[in-house]
Amino acid sequence: MATTYEPVIGLEVHAQLFSKTKMFCGCSISFGAPPNTQVCPVCLALPGALPVPNARAIELAVRAALALGCTVNERSVFARKNYFYPDLSKGYQISQFDLPLNTGGKLVIDTPSGPREVGITRIHVEEDAAKNLHGVGHGTDTLVDFNRAGTALIEIVGEPDLRNADEAEAYLKKLREVLMFVGVNDGNLEEGSFRCDANVSIRPVGQEKFGTRCELKNINSFRFVRKAIEYEITRQEAVLSAGGTITQETRTYSDGLGKTIPMRTKEDAHDYRYFPDPDLPPLVITRAFIEKLRVTAPELAEQKRTRWQKELGVTLYDATVLTGHPKIADYFEEAAAALAGKDASPEARAAAGKKVANFVQSEVLRTVTTRGLEAEFAVSAEYVAELLRLVEGGSISGKMAKDVFAEMITTGRSASKIIEQKGLSQVTDTSVIEAAVAEVLAANASQVEKYKAGKTSVVGFFVGQIMRATKGAANPQLVNDILKKMLDAQ
Amino acid sequence: MSDTKITLEDVRKVARLSRLALDEAALAQMRGELSKILGHVASLNALDVSNVEPTYHAVPMNAPLRADVVQASLPRDEVFASAPKTEAGGFAVPKVMDGEG
Amino acid sequence: MTSQALCALSGIEIQKKVASGDVSAVEVTNAFLERITHQDRKLHAFLYVDAEGALAQAATVDRARKAGETLGPLAGVPVALKDNLCTRGVPTTCASKILAGYVPPYDADAVERLRRAGAIAVGKTNMDEFAMGSSNENSAFGPVKNPWDETRAPGGSSGGSAAATASSMASFALGSDTGGSVRQPGAFCGVTALKPTYGRVSRFGLIAFASSLDQIGPFARSVREAARVLSVIAGHDARDATSTTTAVDDYEAECGKEVRGLRVGVVADALGAGVDAEVVKATRAAVAKLAELGCEIVDVSLPHATHALAAYYLIAPAEASSNLARFDGMRYGLRKTGDDLTATYGTTRAEGFGPEVRRRIMLGTYALSAGYYDAFYVKAQKVRTLIRRDYDAAFKKCDVVLTPTSPTTAFKLGEKTSDPLAMYMADIFTLPPSLAGLPAVSIPGGYSADGLPIGLQLTGRAFDEKTLVRVSDAYERASGWLSRRPSEIV
């Protein structure tokens, strides 16, 4: 009988911290600058230069750790990880080793069988490497750009608690969401500010001991994570089923080939000779500082979704869409609060929330562009609230609201301004509508006769004529009611 | 540590880790010199330090933190002033292979 | 005044004359540049003489005086800088082929402070390559000769700075001290040489040898000059995370004070086997002189000092192996292109570094590598704790500890080059204060029968350079050694 295997997956995520400057020097980290223009003696490792840690980066790392339920260590130590590589200017990376900033957290992910807790071993701070550019020069040389070198990172080391590619993907998405909502990482996989390595092994179901693992490196999209892990599990199963053994190695995923392939590694690659960095005394942060960050921690997406379902009348689906980006979540809350108004009853708040949720999803989202932690909205939350208030008050119809919104996008004007200027205000005055109906009926006596003869389909014709006469501003429901009453009275 | 005999293989491995291309004669000489120094260093074996905390920083202090304020970077000409080879705004280095270094 | 007379003045006198307009800074600078031309042909204390830069800076000082500005405490005073201190626009090589021709884009903090104080940097001094050595014979550009006897070593690693000061090619000089590299050449060349407490002077711009030990310190022909220079270069620097915020004292104010009642600790072990009889005799005479001045002489012991050499030769090479990884031929300095990247690294570094540097990189890499880290590196750092405790105990009984600086007077060039361990022994008295991070000064303490200077080392409590200056100055005045100078080189 064939053995059934259980995959064991642990993820290591490198997330750039959303600071203005690098981890150990004052160089800017803004994206897209020409190569080697955001460098200084420190990040180029010129002789004599020394590192000084970035306070903001430390704060962001602690915020991330608190959001992931870690213990923040009041004393941690920067250590040097020594290896040679052209993208590593100093010949060592400043990282943390046996005394990291944060230890022992967790992340809850949703699985088909319900929520599952995934352990986080540690979160430490370190610096990023430079970028090696291949194939851009004339010859065979690799060109190195140190703009990224020294950018502040956290490495989030997860426990090997994941059991399939779905869970791995769920973990990464949830982690990215947490980091973005805390404001520590911009979640940008393409630009490499959120990167993932996966340790994958398999073991016969029921076996306690882990199998030999392979490390999958440089996977830069959620889709590739899934594909790489799935491929790797299948590959390892095939090897073991054929009686072979798994070699511990580093592999990378090639999308072109649709498989993982071994990376060339030197036998000494893992003798990193970590030791405490003598240039940096221990990092000591106070309990009071940690508590301050705990108290001022922003609300996470998960908490928003729960609260909104309870208080803002939205479904889990709505809430999930609206927490797709922190700025969209803020937008929704702002618009919902503005529509409900101050001192609204819980019922009114829920009703307003529902209306805003629907409108944002159907109209606003198409117009939003997000870039990292930033988002650009064509129309402000306040304007959207005003627009919906006008619908609520009956000034315009829901259908007209869409046209007005389109107008708001192009002109940047408020809904009330547009309605006023275009005379769009909905006609709800029954006497005005009655007059219009009477006029239309008088002008179309033959059609009235047809109606009387039982041809009710002419009602549509009359409605069209009345709407034209009122320039489309008449409340359609009132038109229907009044028309029916007056026709029947003929 | 007292009976640390550094082998030629050890020396070769350390030379590789250190990125020092030493020929066989240099490795052999290095082995002799390192053995002598390590022999002296072995005198530390006489000390029981099991309950002693290491001193990594002679003067106790905590890491100061720097405000997250952008400082001027180096002008391009100074970045490349001493570079052995540059191309297209980058430092040109021998082709990098996966995992090589 | 004649050039010769100008060069014979102390830095204190030069500053006074320049500030009062008796003599211009340009005249002073020209006098010293002329002297360097004559004296250095044989001594080889300088690797680079920056006549143009020195004269430009002197002109600035003169202009400032004419404009009525208050001049700095070192205005117009010529200084020689060890070639591991970064100087903007002036070659800085660490006496290594790997940095031949390297020109830093910035000044070290200590250099900046000297410039602000009006000092005139006349050139960069020769040294043991990357400050590794005790004789200056490890310079890739040929050794320095001892001004007292050209067949002898000036000591190391700051031999060029010591020789330049002793032979009046500069009023004072800066060196760096990791395990004795200021004090031991100070002793061999008969000048005052002070290593401040670790953290007292910023290491920013000092090309690192062993980061947890390196300190910049002054050489001067008198204690008062050394005290003034220390006041200028000491102080907090936000660019060095190990720079202290402890207030800087007025060191010069300690000169001329009495020492009655101060307790001088004498270590019996330091006057035993392995120490030259003449050195022992001179040290005992100094103890007697201090007692005569009213000092209380107490016996202290440093039981773990005998282990300092072993601990040092694990810690310093370990840190050095990592610090020197940045010299890889990728961004600056020498590159020897090989068949591939690995070969390029290996050849560049094997050819760029001299034998002693290679040896220490190897030793340090070994001490940090997998399987040896705890046995070597961590153990050495624990020994460091024991040595610190020894001093803590000693300083309960005394205010300064007196030992010889070196067990011998200057040895012959070539005498110890074949035996690294014998060379290391030259540092046995200077290593314990280095490992404990304590301030220590070497002052002239007599002369051997063949006319070579003997150095006395005084070690103080952390950040108590004040007391070192006070005792040294009192001894200098009482001993009369100050008047002795090496004979002119013709």
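Just so it is clear, A, B and C label the chains in written order, and each chain counts residues from 1 on its own.
What we mean here is this: a residue touches a chain if its C-beta (ideal position, glycine included) is under 8 Å from a C-beta of that chain, and two chains touch if they have at least 3 such contacts.
In this text the structure is predicted, and so the values were computed from the model without any measurement.
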Pair sharing more residue contacts (C-beta pairs) when B-C is set against A-C: B-C
Innermost chain, taking as reference the mean of every protein Cα atom displayed: B
Where subunit A and subunit B are represented by their mean Cα positions, the distance between them in whole Å: 41
Distance between the centres, which are taken as Cα means, of subunit C and subunit B, whole angstrom: 24
Whole-Å gap between the CA centroids of subunit A and subunit C: 57
Contacts with two or more other chains, residues of subunit A listed in rising order: 41, 44, 52-53, 84, 86, 144, 271, 273, 278, 280-281
In subunit C, residues with contacts to at least two other chains: 102, 105, 212, 238, 241-242, 321, 325, 328, 330-332, 341, 345, 365, 369
For subunit B, residues contacting two or more additional chains: 13, 17, 19, 56-57, 61, 63-64, 66, 74, 85, 91, 93-97, 100-101
Residues of subunit B touching subunit C in the complex: 1, 6, 10-11, 13-15, 17-22, 26, 30, 33-34, 36-38, 40-44, 47, 49, 52-59, 61, 63-64, 66, 74, 78, 81-85, 91, 93-97, 100-101
Residues of subunit C defined as touching subunit B within the complex: 101-103, 105, 197-199, 212-213, 238, 241-242, 244, 304, 307, 309-311, 313-314, 321, 325, 328-335, 337-338, 340-347, 349-350, 353, 358-359, 361-363, 365-366, 369, 375-376, 378-386, 388, 420-421, 424, 435-438, 462
Touching residues on subunit A, where the partner in the complex is subunit C: 41, 44-53, 80, 82, 84, 86, 89-92, 144, 270-271, 273-275, 277-281
Complex contacts: residues of subunit C adjacent to subunit A: 84-86, 92, 94, 99, 102, 104-106, 108, 203-208, 210-212, 238-242, 318-319, 321-322, 324-328, 330-332, 341, 345, 365, 368-370, 373, 377
Complex contact set, residues of subunit A against subunit B: 19-21, 25-28, 34-41, 44, 52-58, 77-78, 83-87, 132-134, 136-138, 140-146, 250, 252, 263-266, 268-269, 271, 273, 276, 278, 280-284
